[in-house]
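The structures considered in this document are given below.
In what follows, chain A forms one complex with chain B and a second complex with chain C.
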Partner chain A sequence: MAVTAFAAARIRNLFAVVILSGIFSLLAAVLYVTLNAVDVAFTEAAVGAGISTLLMLATLSLTSEEEKARFNVKIIPLLIVIATGAVLIYGTFDMPAFGDPNAPAQVHVAPRYILESGKEIGVPNIVTSVLASYRGYDTFGEVVVIFTAAIGVLILLGRGHDRWRPGMRSNVISEQNEEEV
Partner chain B sequence: MSRHSILRVVAKFMIPFIILFGLYVQFHGDFGPGGGFQAGVIIAAGFVLYGLIFGIENARKVVPAWATRVLLAFGVLLYGGTGVASFFLGGNFLGYNVLANDPVAGQHLGILLVEAGVGITVAATMMTLFFVFAGQDHE
Partner chain C sequence: MELFGLLNYWLVIVLMMIGFYIVIAQGNLVKKMVGLSIFQVSVFVFYISVGRVAGGTAPILADGIEVFSNPLPHVLILTAIVVGVATTALGLAMIVRIRDSFGTIEDDEILAIEKGEDDK
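Take a look at the complex of A and B:
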């Protein structure tokens, strides 16, 4: 995964970068499977490796295949990135050891989900009962986020024939807007 | 792409199974890995494959722009509507226990409806994104 990440950061050909990010997602999915998080791995493989690679390729077909900006090192952003990374690594020292049974994540609501969800929800897959029932609000928020994303793309790019502003067509939107999407 | 006969034949053979697998993931999410998010993406992938092989114009005939837009909103409304329904039946918002006579059956029904809403919205979103990016989103 580290190799693909570094390669994706260095290569100038964006087509290769998109394919590398797809490979990265697939490797991440394999990692999730080894951690027994099958649902997450499934999503990563379908969304990360499948659909987002496809959307990136579609974006490339609208823009250009080669990276235009010259690569030059700026000192202050680099220092900020290094400092933030160091703080984050320092933060991980307080994390409980992997698989520690007394970790906060294991003693708060997880026992209730594991012991009671079979009786309360009656669904064998605990992930589904947590996602759709116990944490229903969060999932509702996620669906609204996806909905909003689609609306945003429709507003930015999907102006086929605009009845109210006939001059505005999708092809006059500047290249910069398309890159932001 | 339309003259590659191997691609056309294999895609025609694959697409029903991709969509069938998507439906399996959707409705089997209670028992194994899967659920609305994954199922929506897989079903959308079936239509996207059709669009890639047979052209966007033909894919737009199968799934017109108004259909994806209606489904986009319908999924969110189905999710929210389930919440509001449980609200009016005397429970909390998205508290599924009151949807049926006994709590476990209510939870089953609620999760089924909510996952269906998720799946519909995700599938419609992915198809919308693909068709818009492919530049053929005319009504």
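Take a look at the complex of A and C:
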């Protein structure tokens, strides 16, 4: 996974970069399966690897496929990144060990969901019952976010062919993008 | 075992830093979006790692299974993935619009054009 991400950082052909990000998402999905998060893996494979890659390809077809050639590694961003990474790694030494059943994240509200949701909701998949029932308002908020994003995309790319826009150079506006959102 | 226990978090940090580097160091806007999504995935992996319980299975109730992974991070990340795609779509739409206006998707060229317009 890290190798794919690194390659995506270095390769200059944007088409290859986008395909690599798709591969990266699929690898992430595999990782989620090994970490027992099957629902998340489904979503990542369908949405992350599928729709994201499609959207990016659509964008590429409307813009350019090659990145402008430029100088190699920039020093200051690299230093910032290394410093931040070092601080974060220092932070991990205080984390509970991987898979520890008594870590703070596991003992608060999750046991209640695991013990009671089967009785209260009647859906064997705990993730589903939490998502749709206990945290239903959050999921509703998610839908609102998607709706807002869709409106934003429509405003930005809408069918305003007859509308004058400052500095407009191309009339090619995608109707593809609208369908995919 | 102690060190192995932190390996996942370190993978997360490496990925996060690669994404961070792409966002701040690369000039191409589409590439910045790819970097942003790599950064996002690293956060997702972090949450899922936190929710992992040793010896647990996927959080689906079935006979004879006693230990489950924590379902709560899974729910959060499900939501986050979908929201992430929504923001990606919005960002890409902005890129298309920027290309309409400036004819380029490299940030230094855009800055140069804007500077040129200011000088006039």
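Basically, the second predicted complex is superposed on the first by the 153 of 181 C-alpha atoms of A that agree within 3 Å, B and C clash if a C-alpha of one lies under 4 Å from a C-alpha of the other, contacts with A are read in each partner's own complex, and residues count from 1 in each chain.
Everything below uses one rule, namely that a contact is a pair of C-beta atoms (placed from the backbone, for glycine too) under 8 Å apart; a residue touches a chain by one contact, two chains touch by 3 or more.
Just so we're clear, the structure is a prediction, and the values are computed from it rather than from any experiment.
**Q** Clash or fit: how do chain B and chain C relate after the overlay on chain A?
**A** Because the two structures are overlaid on the shared chain, the partners are seen to fit without clashing.
**Q** Does the superposition put A:Ala149 against chain B (first), chain C (second), both, or neither?
**A** both
**Q** For A:Thr43 in the superposed arrangement: first (chain B), second (chain C), both or neither?
**A** Both partners.
**Q** What is the contact status of A:Thr92 with respect to chain B (first) and chain C (second): first, second, both, or neither?
**A** second
**Q** Scan A:Val17 for contacts with chain B and chain C and give back first, second, both or neither.
**A** Once the two structures are laid over each other on A, A:Val17 reaches chain C alone.
**Q** When the two structures are overlaid on chain A, which partner does A:Leu157 contact: first (chain B), second (chain C), both, or neither?
**A** both
**Q** In the overlaid three-chain picture, which partner chain does A:Phe140 touch, first (chain B) or second (chain C), both, or neither?
**A** A:Phe140 contacts chain B only, not chain C.
**Q** Which of the two partners, first being chain B and second being chain C, lies in contact with A:Val127: first, second, both, or neither?
**A** both
**Q** Touch test for A:Leu62: chain B only (first), chain C only (second), both, or neither?
**A** In the superposition, A:Leu62 contacts both chain B and chain C.
**Q** Is it chain B or chain C that touches the larger share of residues in chain A?
**A** Residues of chain A touched, chain B against chain C: more for C.
**Q** What is the minimum C-alpha distance, in Å, between chain B and chain C after the two complexes are superposed on chain A?
**A** Between chain B and chain C, the shortest C-alpha distance works out to 7 Å.
**Q** Jot down the residues of chain A that show up as touching in both complexes, chain B in one and chain C in the other.
**A** Comparing the two interfaces on chain A, one with chain B and one with chain C, the shared residues are 38-39, 43, 47, 51, 55, 58-59, 62, 124-125, 127, 131, 139, 142, 146, 149-150, 153, 157, 170.
**Q** Along chain C, where are the residues that touch chain A in the complex?
**A** Residue list for chain C touching chain A: 1-2, 4-11, 13-22, 24-28, 30-31, 33-35, 37-38, 41, 44-45, 48-62, 67-75, 77-79, 81-90, 92-97, 99-106, 109.
**Q** Can you tell me which positions in chain A touch chain C when the two form their complex?
**A** So the residues of chain A touching chain C come out as 1-2, 5-6, 8-9, 14, 17-18, 21, 24-25, 28, 31-32, 35-40, 43-44, 47-48, 51-52, 55-56, 58-60, 62-64, 67-68, 70, 73-74, 77-78, 80-82, 84-85, 88-89, 92-93, 95, 97-101, 103, 105-106, 109-110, 113-114, 117-118, 124-127, 130-131, 135, 138-139, 142, 145-146, 148-150, 152-153, 156-157, 165-170, 173-174, 177, 180-181.
**Q** Report the residues of chain A in contact with chain B in the complex, numbered from low to high.
**A** 38-39, 41-43, 46-47, 50-51, 54-55, 58-59, 62, 119-125, 127-129, 131-133, 136-137, 139-140, 142-144, 146-147, 149-151, 153-154, 157-158, 160-161, 170
**Q** Give every residue of chain B touching chain A within the complex, in rising order.
**A** Going through chain B, the ones touching chain A are 25, 29-35, 37-38, 41-42, 44-45, 48, 65, 69, 72-73, 75-76, 79-80, 83, 93-94, 96, 103-105, 107-108, 110-111, 114-115, 117-118, 121-122, 124-126, 128-130, 132-135, 137-139.
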